[in-house]
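The following pair of complexes shares a single chain, chain A, combined with chain B in the former and chain C in the latter.
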Partner chain A sequence: MFKGNKKAQIGETMTLGLATLIIIFLIIVFFLISTFIGGGASKNIESESKAISVKEEATTSLLAYLQTPVNITINEKEQNISIADLIRLATANRSYEKVLQEKSKEILDPVYKGKYALHALPLEIVSVIGRPSFVSMLIPSKKPINVIFGLIEK
Partner chain B sequence: MKSKGNKTNKKAQIFAVGLVLITLIAMGYALYTFVVIKRGAEESIMPSAKLIDAYDSKTKLLFYAQESAKLAVRSAFNLIAQEKAASGDCTIDGSGYVEWSANCKPDTKEIEENFLSEFKKNYENYIEDYPEKTNYSITLDASKKNSINLDAESITINISEEEYNATFTFEPSFSIDISLFGLDLTDFEGIYSATQNCKSKDALNVKNCMIEKIKNWHIDAELKEPDLLFDLQTKQTFFFDDTFSPIKLKFKIKT
Partner chain C sequence: MKNKKAVLGGETVMWIYRFLLIGIMLIGFIAVISNFYSVKYDTRPAESALLARRIINCISINSIVEIKAFNSDKVSECAGLGKEETNEIYIDALLNYSSSSRVAIGDFTLKALCGSKGEYVPSCLNQKYYLLLKQNGNLERAKLDLLIAIKKLEKNV
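Now for the complex of A and B:
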């Protein structure tokens, strides 16, 4: 009588033990799946929102850069012109390339400390480490000039 | 007793299986809810990215239009100074000096009309090269005289992804103030009346007299009997084709 009761107790305990093990296993599996899906999602959202803000900053910076007035010497006379005008001038007359490069560095280096890429025909400054987010803007000229500016995501 | 033990064992088994099933259903539902919320969060950020892209398109278009307008102002004013400053019965000599007189003199109203038509032509040449097409209506602001208004018809950018559609509509408009370039459409009439007031046989006196009256131009006058030849240059230089140069105006009057 006592023996039969003990057997039943062992069977009951084993069943509950097995169920507990299955439940623990299920919890671990679901936890891993959730972490995998959730981790990917938050990474996606984070990188997407970072890319948006870097792109926004690059567009604003490029616009400000193109409108920045600079003093340069043209035909032995000091002239105050915009960077957009200087790019047009350097595109038509390559002797102004160096001036454009110097003025561009003067404007951009203090802000971005070399972590940017700029391509304005014929000028090219690429001094970036990493993959920047690029934006571009057209300047009207005889043939429109495409100015490309890139910033690295922080 | 044996059957009682079996009964208890069976109950325990049903309870255990039920517990596992309930856990499975609860976990599955939690996972499903999590996936749905995650997708929602991802989808909510994508339209904002597209909207910001659309807004950037507006910024770029407006910048290109404003730059085109600046170039068009310079070119149109240059053409007026070289060819259409005076109207009426005009003659031009071999050296390119137009003879200004009572029958051939600047008329601001006509200059404004010619300027606007030249401006439109030049502006359209530039804006044609832009990938997105816009039709700006261009008017000279009658109240301000030296201000050109550019109003575009509304531009719509379609934003579409697999699961949503949206449109971003804007009406880019801006003004260009000619006087900010050191130019003035009324300058030509002013120059003509200054020549009449300063007229004399002494070119230096004429020059000095005109310098006092004209502010936007460098003035040079030379007497070549019976004519007084004038060579004027704007104080500001402008970008034309491949270099910066002032706008030049050549004319002569009888002394």
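Now for the complex of A and C:
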């Protein structure tokens, strides 16, 4: 009889001890989770803001780039057209690819000093180092041309 | 009699244990909540990104700036800054074209603190835009360097 009671007491004590350990363990886990979630949210604000500002910068610059007037020679005649029209022209006649590339560098290099990526079929200027944030715009044409422009996230 | 004493002693020990457990749980509960809510959120990078967007969309239409629209009154109106905020914010916009034009609003001392590290430094955003400038009906290439420095330590951190 005495022997049985002692066993029961040991069992009860062990259960309580184990329950206490589980509670302490859960508290530590919740504490770590709250630290992780809180810290992550703070970092998210910063990285999201950076991504938004870089995309905004790229969108504004891409829009201005497409509207930039350039002087080029078409059929031995000096003409003033926009970059968007030059892209259309280069898509139809690949001999204008080089002119497009030169003019694009002339426009964008003074601002971004080569730290950008530009892809406008058939032109491709990729001189970017790092993780760029891309934006794109469609130029209406027989077959719409997608112009992609990327800037590095600071 | 002996048994009764033992029962009473056992019960007392159990009550001490229960109170101890409740104490541990309460402390844990408070620690988790205070740890979660005491994290500092710096919303100033988001504010400067939004402010830059607001200024650009206001002074330019489809990325074309009119030289008349590039002055401190217009930029200040675009940013929507109140008197209180001009002490906590610095906006520096430098427009380079065949000539150059600068607009600076707010506390210029904040600019000097940009790039330095520490708890009481402003949050700074440097943006470079390629824009077109409309002058006498002609479009000219322009580069806008925009710096926004926000202090607002009490409100936004």
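Please note the rule applied: the second predicted complex is superposed on the first by the 116 of 154 C-alpha atoms of A that agree within 3 Å, B and C clash if a C-alpha of one lies under 4 Å from a C-alpha of the other, contacts with A are read in each partner's own complex, and residues count from 1 in each chain.
The definition used in the following text is that a contact is a pair of C-beta atoms (placed from the backbone, for glycine too) under 8 Å apart; a residue touches a chain by one contact, two chains touch by 3 or more.
Remember, it's a predicted structure, so these values are computed and weren't measured experimentally.
Contact with neither chain B nor chain C is seen for A:Asn146 once the two complexes are overlaid on the shared chain. With both complexes placed on chain A, chain A has more residues touched by B than by the other of chain B and chain C.
In the superposition on chain A, contact of A:Ile81 is made with chain B only, not with chain C.
Once the two complexes are laid over each other on the shared chain, residue contacts for A:Ile23 go to chain B and to chain C alike.
In the superposition on chain A, contact is made by A:Gly38 with both chain B and chain C. Looking at the shared chain after the overlay, A:Val111 reaches chain C, while chain B stays out of its contact range. By the touch criterion stated above, A:Ile52 is placed in contact with chain B and with chain C alike.
In the superposition on chain A, contact of A:Pro69 is made with chain C only, not with chain B. On chain A, the surface touched by chain B in one complex and the surface touched by chain C in the other have residues 16, 23, 27, 30, 34, 37-38, 41, 45, 48-49, 52, 56, 63 in common. Residues of chain A that touch chain B in their complex: 1, 4-5, 7-8, 11-12, 15-16, 18-19, 22-23, 26-27, 30, 33-34, 37-38, 41, 44-45, 48-49, 51-52, 55-56, 59, 63, 66, 74-75, 77, 79, 81, 84-85, 88-89, 92-93, 135, 137-140, 142-144. Of all residues in chain B, those touching chain A in their complex are 1-2, 4-6, 8-9, 12-13, 15-17, 19-20, 23-24, 27, 30-31, 34-35, 38, 41-42, 45-46, 48-49, 52, 56, 59-60, 63-64, 67-68, 71, 126-127, 129-131, 237, 239, 241-245.
On the side of chain C, the complex with chain A involves touching residues 17, 21, 24-25, 28-29, 31-33, 35-36, 39-43, 45-46, 48-49, 52-53, 56, 60, 62-64, 125-132, 139, 141, 143. Residues of chain A that touch chain C in their complex: 16, 20, 23-24, 27, 30-31, 34-35, 37-39, 41-42, 45-46, 48-50, 52-53, 56-57, 60-61, 63-65, 67-69, 107-108, 110-112, 154.
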